[in-house]
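For reference, the structures are reproduced in the following blocks.
In the two assemblies presented below, chain A is common to both, partnered first by chain B and then by chain C.
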Partner chain A sequence: MSFTGQSATGPEESSTSQAAKHGRDSLRKAVVVGGNRIPFARTGGAYTKSSNQDMLTAALDGLIARFGLQDERIGEVAAGAVLKHSRDFNLTREAVLGSALSAETPAYDLQQACATGLETVLGLANKIKLGQIDSAIAGGVDSASDAPIAVSEGLREVLLDLNRAKTLPQRIQVLSRLRPKDLAPDAPNTGEPRTGLSMGEHQALTTAQWKITREAQDQLAYNSHRNLAAAYDAGFFDDLLTPYRGLTRDSNLRADTTLEKLATLKPVFGKNLGAEATMTAGNSTPLTDGASTVLLASEEWADAHELPKLATVVDGEAAAVDFVHGKDGLLMAPAFAVPRLLARNGLTLDDIDFFEIHEAFAGTVLSTLAAWEDEEFGRTRLGLDGALGSIDRSTLNVNGSSLAAGHPFAATGGRIVASLAKMLHDKGRVDGRPARGLISICAAGGQGVVAILEGF
Partner chain B sequence: MTGAQPVILGDMPSLSKLYVNAAATAARRRVLGTDAGITLPPCGHEVRGVTAEVGNLTAYQHLVGETASDILPAGFIHALAFPVSMSVMNRDDFPLPLLGMVHLGNRVEQHGAILFTEALDITSWAENLGGHRAGTQVDIVAVVRRAGESMVLWRGTSTYLAKGVFLPGIDKPSAPAAPATFSAPDPTALWQLGVDTGRAYAAVSGDFNPIHLSVLSAKALGLRRSIAHGMYLASRALADVGAVKGESFRWDVAFEAPVFLPARVALDISSVNSPSGAWLRSGYAAWNPRSGRRHFTGSVSAL
Partner chain C sequence: MTDKYTQFVSHGIGKDVARKLGLPQPVVLRRHQPGQPLVPGPILIQGSSDGADELAAALLSWDLDVRRHAVPREKLGAIILVLDELSRPEDLERPVLAAAASIRDLSPSARVVTVSRTAAGAPGPASAAARQGVDGLLRSLAKELRAGATANGIVLADGVTTTSPSALGALRFFLSGRSAFVDGQFLTVASGEGTLPADPDKPLAGKVAVVTGAARGIGAAIARTLHRDGATLVVVDIPAAGDHLAAVANEVRGTALQLDITREDAGQRIIDHAVGRHGRLDIVVHNAGITRDKLLANMDPDRWNSVLAVNIAAQLRINEALLASEHFRNSPRIVSVASTSGIAGNRGQTNYAASKGGVMGMVRATAPLLAECHGSINAVAPGFIETEMTARIPFATREVARRLNSLQQGGRPGDVAEAIAFLASDAAGGITGDVLRVCGQNLVGA
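Our next item is the complex of A and B:
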């Protein structure tokens, strides 16, 4: 057998998935009540001086105001940031303490790279389903502007040893180890620790492998801007967003961009590959600052507080790929997570009404779709009879996604969950069942987290 | 306010120019022996269409421990209005010397949230010239409205003492208020204030009064070391009370012993809730943890 992939179904397909489904059916529902975020700002823009805690608190306070949660003791709040100062070890709890929520609201930080926001939603939804809590706020925040800068490894070791030194001669001896180069700061970067390649360079490999054209990437970026602009114009974000620091819309949004303008941009990633370089600043997400929050609850809690129920969090799945030596692309884990999630829930791509595939790069979305459409990938990597399938492109990121909105790493999950929940609620029923949406988010380290939501 | 309409100033007065002018006025009065009379200026000053500078707002918020939200902290509004108040105290007909005045206390009523994006009309005047056992005190009032509107959103009253200045016709209170003995409670917080605390607050508030800036500049004005701004301390206490105060509240502070920098300051904040659990009031007191001398007391309460 030549199958070397990640089975979409597993060897004991029917019994495990049946048991899992039965287990979930006996649980109560976790519903998305609503969400709130601040507009996302390009790095170095309106939020340059705002810290992660400032932005998370701003998003949280907007959510509190929208749903009347002043002095409310929420079951638990979970959020996180990818670029995080060490002093922010209790970032979420500090944001809660600075907010109008009851100070008796517990909180924890979570970090799973760009999947942070979605993972907080899934973890808290599970706690609600298990009856451990009745209400929860999930969220995420990131600032590329206010990024932590560490001292060099050499200086750090000297400072720690200096603290341990007891006598003056010992201190002098420790200090004598300092070299000028130790004074250079250590700034964060988006490079993978094991490969040294930036995320963009990794994606360029994948984009070339799946033969994704420049035109297809530019078209996806264009759609993202056009869809996001239309959503703003239609007032879609009126109850999903509170202004902050003078911004009322995502500052990366270019409502007037055209395919021609996108075509003029020079490639920035993959310039040293054999294939033509296709990834530009237009079809890659820029570094962004922002924060998002989502209010989750049991049905009973939402009813008791007379709050809306937009959607239920049905199920979620995480996956990881062995990208280090190039077996799969860095950002391709969702290509494996989605088939598993669908199989466990007895669904196919055709059963999904809205696809929210995070646009880390246009190439990421298109490579994932290409993998699902590929017969051989389906057979040899997913263990299916053939290709997983293709999606109706008109159901993809219909209100725009990260290419237009920007992508403050940990804040993207909350942005997507709140928007999708609203879309599903607005859509109502499809063929006699609730409208259904799929979220797919790729993350550094070769990881991915995906989820299914259903309209309430 | 006094009956006269306020004088509308074209621009926000520059605090540094006001301090220089105050020094020049003090010197002139000393040399020429002139004085400014014994009554307060008949009118106030007003500056219209003032907006906060967002970078300055963020720096202020971070310095005093507020989250950088879009809502102007009550202490920031004090700093925003301060140049207008200073310009009133700098008038030729203001009877007390501006330099060296001691900030005795402050009372603020905040009647709703003011966003940094809003244009504001700021009016300030002097009232309640009165005797104090150590000199003469005066209230400087400032009110803030949305530009063109009549409703007052913020009203602050700062009480200052001109030490050793006794004006004819103003009686000194007969008995000095007996200092109540203070026994320090268990602190709820401990602040470490560096020697640069005054300079840092001067940078965000614009209040470059030399007594706050450095040991040398403070010594020039007769202090042994520089002291923390009273409004910095009170603003930190306000931030410490937190979001529970809501958007409308009353905030007051009474200053006692100055905080010489650098310093460790112990703080106690105790809240009073209604039987139903609703927040009513948080009182605070700050003292020197070594000597037990009290630096200030105050409260934030529901309006």
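Our next item is the complex of A and C:
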């Protein structure tokens, strides 16, 4: 079954899309039962000594406790990490074995940069819809504190050859190839392999291209902090989060930040742009540690286990852009994925009640919205008659997003899905239909994954 | 878990030294393990009333080794002194002195249990005097017993037989290791309500129980004990304690509910969670409590208000929701954690003692409201319990506090939990509006 029989740019409803929609309607539903995450911690903070496996296990155990899943054999668990040690080749399965779930629960790892968490949700939801499994846990984890450090390419080659050498003279000969520079470790970085530019530098180009102002970016960052703090104060996260290592809230949250304070920060990306440099530490996400999980199920399984049904996973779409040759900005893939997803489902931006656009940088969100509002972009790049449209800003990231919460790469998707599912459930019906939410997540490599959820 | 001093004086040289110097000699208490014998030896029943005969027959039906006459120098597991037909103080002499001859034959951690009637219901001054006399007798005897043996009493309301469900339930509790740290105390059986469990090791089978403040300490112990006794658990604590709460929930195979119990809608949330996830709600244990100690002269509104809000106002508000709910009408049980501070007072704890005194007043006044649906509500007042909280008391103060009771040691969180598990069971259905102290007969404050 393929849901991606779409031209790269053509969002208007085609016969293929109608067939795909019809195919989906005959499937059973995949529902979001709930979620659990640990508070996100700025790198070098509370989770400095926690491994990915520790954090993912903690997030799983909190989910198990919330929903009484002890000794339960879940259909499948999928999670992943972007920064991953080679020893963690079976990270998710190891976390399952360390949790209170039945040891007979299968698991697999998935990796799609910052879209990892959302992609685990979509993949598992599809398995549920197809009847392959009845229950699933999606998740993601990342630690920039406990990041893997590799040996240099030179040392690695020497070590491998040394292992193959059979005699002492051979070994001495191999070792003699070592040079002092080979001993320097190879630390991970967020640079794109094909351009050498960091994600921030890439976004700075896009931000400038779409003429996004410093004020607009700071306002978005301010809203994120204010909304997240208000959500905590209202108890919104009481059943979405379990404290970990002394942390009860995301450590990046600055409930008392002001636009004035944000305005004082110096630009950190795009400094070569001179006066046009607008991206600061305040309107960019910091490196963060954390983990999140989402419990998915068929309606029947949720009912049999007397568990809530918050939302259904309606559909998802992935896109990628050619950032290498500068055709589009690195983080602009969702600008293409969203119109395609909406068209396939016969929807417009006006049919969405909550927008969850991941705040990799304030500039990312605002560039995406600007592209959708741009007539020419709509005509030439999306194949529409004009602009895709604009959104009601009061429906954007209403309980805060990554600028305030932080962004442990693979954990962000699970954070958003669980929060949005709860919001949609609480919202109830809108104009006689279930409340509807859109998730948009950009990812390294010029990719993006987006999804639609509906309240149950 | 046993404190170091108790370990030292329990064996060999430490035992000799303590005896010669006249130091306190606490022993390791007999505590309940599923499957263990109810008592460590034969049970001697003293008393010649019909009630005594019926009680003997009931215990025989439990396959216990029951004696109606003492065999000199035979070690006993328990003495039951049935005094349910006293009409004047002189009636005490025969059964009491007969029991006295067997006191030295009690095994370590043996039990003495009196069964008598409420003085309040006595037909005249002489019978009231006799009935009230049992109170002083029992409390004094508890102070005379050694080696972990305890003495407790069952007081029957008029019209309640010695073999009514809760009389037998209370008797079983007092005889067993479940009452290890209960000493010199009475339970009043107010009515013939209640039912004995089909399986005495799973008295809470099929029940759904909520425990507040369950993330650690006494609350976590209550959750474990209710789980062991067969209940399905909903464990509740503030969101900030969620990680410990999740660990407890996973250990007892229950569900965790992160909830600030001072929220206006806490009661409804508890009901919704229990009924939504587990289909019913039978037992609520109000354990969550905080201390903010300060001499009254230095008391500030924040310390005063936060303690009263968590320790009593939240319980009252949650109970209102429970009493109004159609889901809490099938022999429901509420057990609140009070404190001996609320009975005897404690320097620096005016706020805490006011809240805990309040709990006892609330329990008494709520009992009649639950009677219609065969429900019950009681409180348990712990004395010195070895917890993370009491471990922070300065050494000398702590050492004095833990020795100043008839058992010369601190209790364990599990001891409080056992009393709560009993009061939460249907075997205790005839006991309501009562306060049971779990304090090893604390010598301070009655």
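We adopt the following convention: the second predicted complex is superposed on the first by the 441 of 456 C-alpha atoms of A that agree within 3 Å, B and C clash if a C-alpha of one lies under 4 Å from a C-alpha of the other, contacts with A are read in each partner's own complex, and residues count from 1 in each chain.
Please note the rule applied: a residue touches a chain if its C-beta (ideal position, glycine included) is under 8 Å from a C-beta of that chain, and two chains touch if they have at least 3 such contacts.
Everything numeric here is computed off the predicted structure, so don't read it as measured data.
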Once the two structures are overlaid on chain A, check if chain B and chain C clash or fit side by side. clash
Touching A:98 in the superposition: chain B (first), chain C (second), both, neither? first
Tell me which partner A:428 touches in the superposition: chain B (first), chain C (second), both or neither. neither
Which partner does A:169 reach: the first (chain B), the second (chain C), both, or neither? neither
For A:248 in the superposed arrangement: first (chain B), second (chain C), both or neither? second
Figure out whether A:306 sits in contact with chain B (first) or chain C (second), or with both, or with neither. second
Going by the contact rule set out at the top, does A:185 touch chain B (first), chain C (second), both, or neither? neither
Between chain B (first) and chain C (second), which does A:235 come into contact with in this model arrangement: first, second, both, or neither? second
Once the structures are superposed on A, label A:65 by its partner contacts, choosing first (chain B), second (chain C), both or neither. second
Which one hits chain B, of these parts of chain C: 3-11, 327-335 or 363-371? 3-11
Note: overlapping chain A surface for chain B and chain C spans 58, 61, 70-71, 100, 243-245
Okay, in this complex, where on chain A does chain B touch? 49-51, 53-54, 57-58, 61, 70-71, 95, 97-100, 103, 243-246
Going by the contact rule set out above, which residues of chain A touch chain C in the complex? 58, 61-62, 64-68, 70-71, 100, 235, 237-239, 241-245, 248, 306-308
With touch defined as at the start, can you tell me which chain C residues reach chain A in the complex? 239-243, 245-247, 249-250, 253-260, 263, 276-279
Touching chain A in the complex: which residues of chain B? 54-55, 58-59, 61-62, 67-70, 116-117, 242-244, 246, 278-279
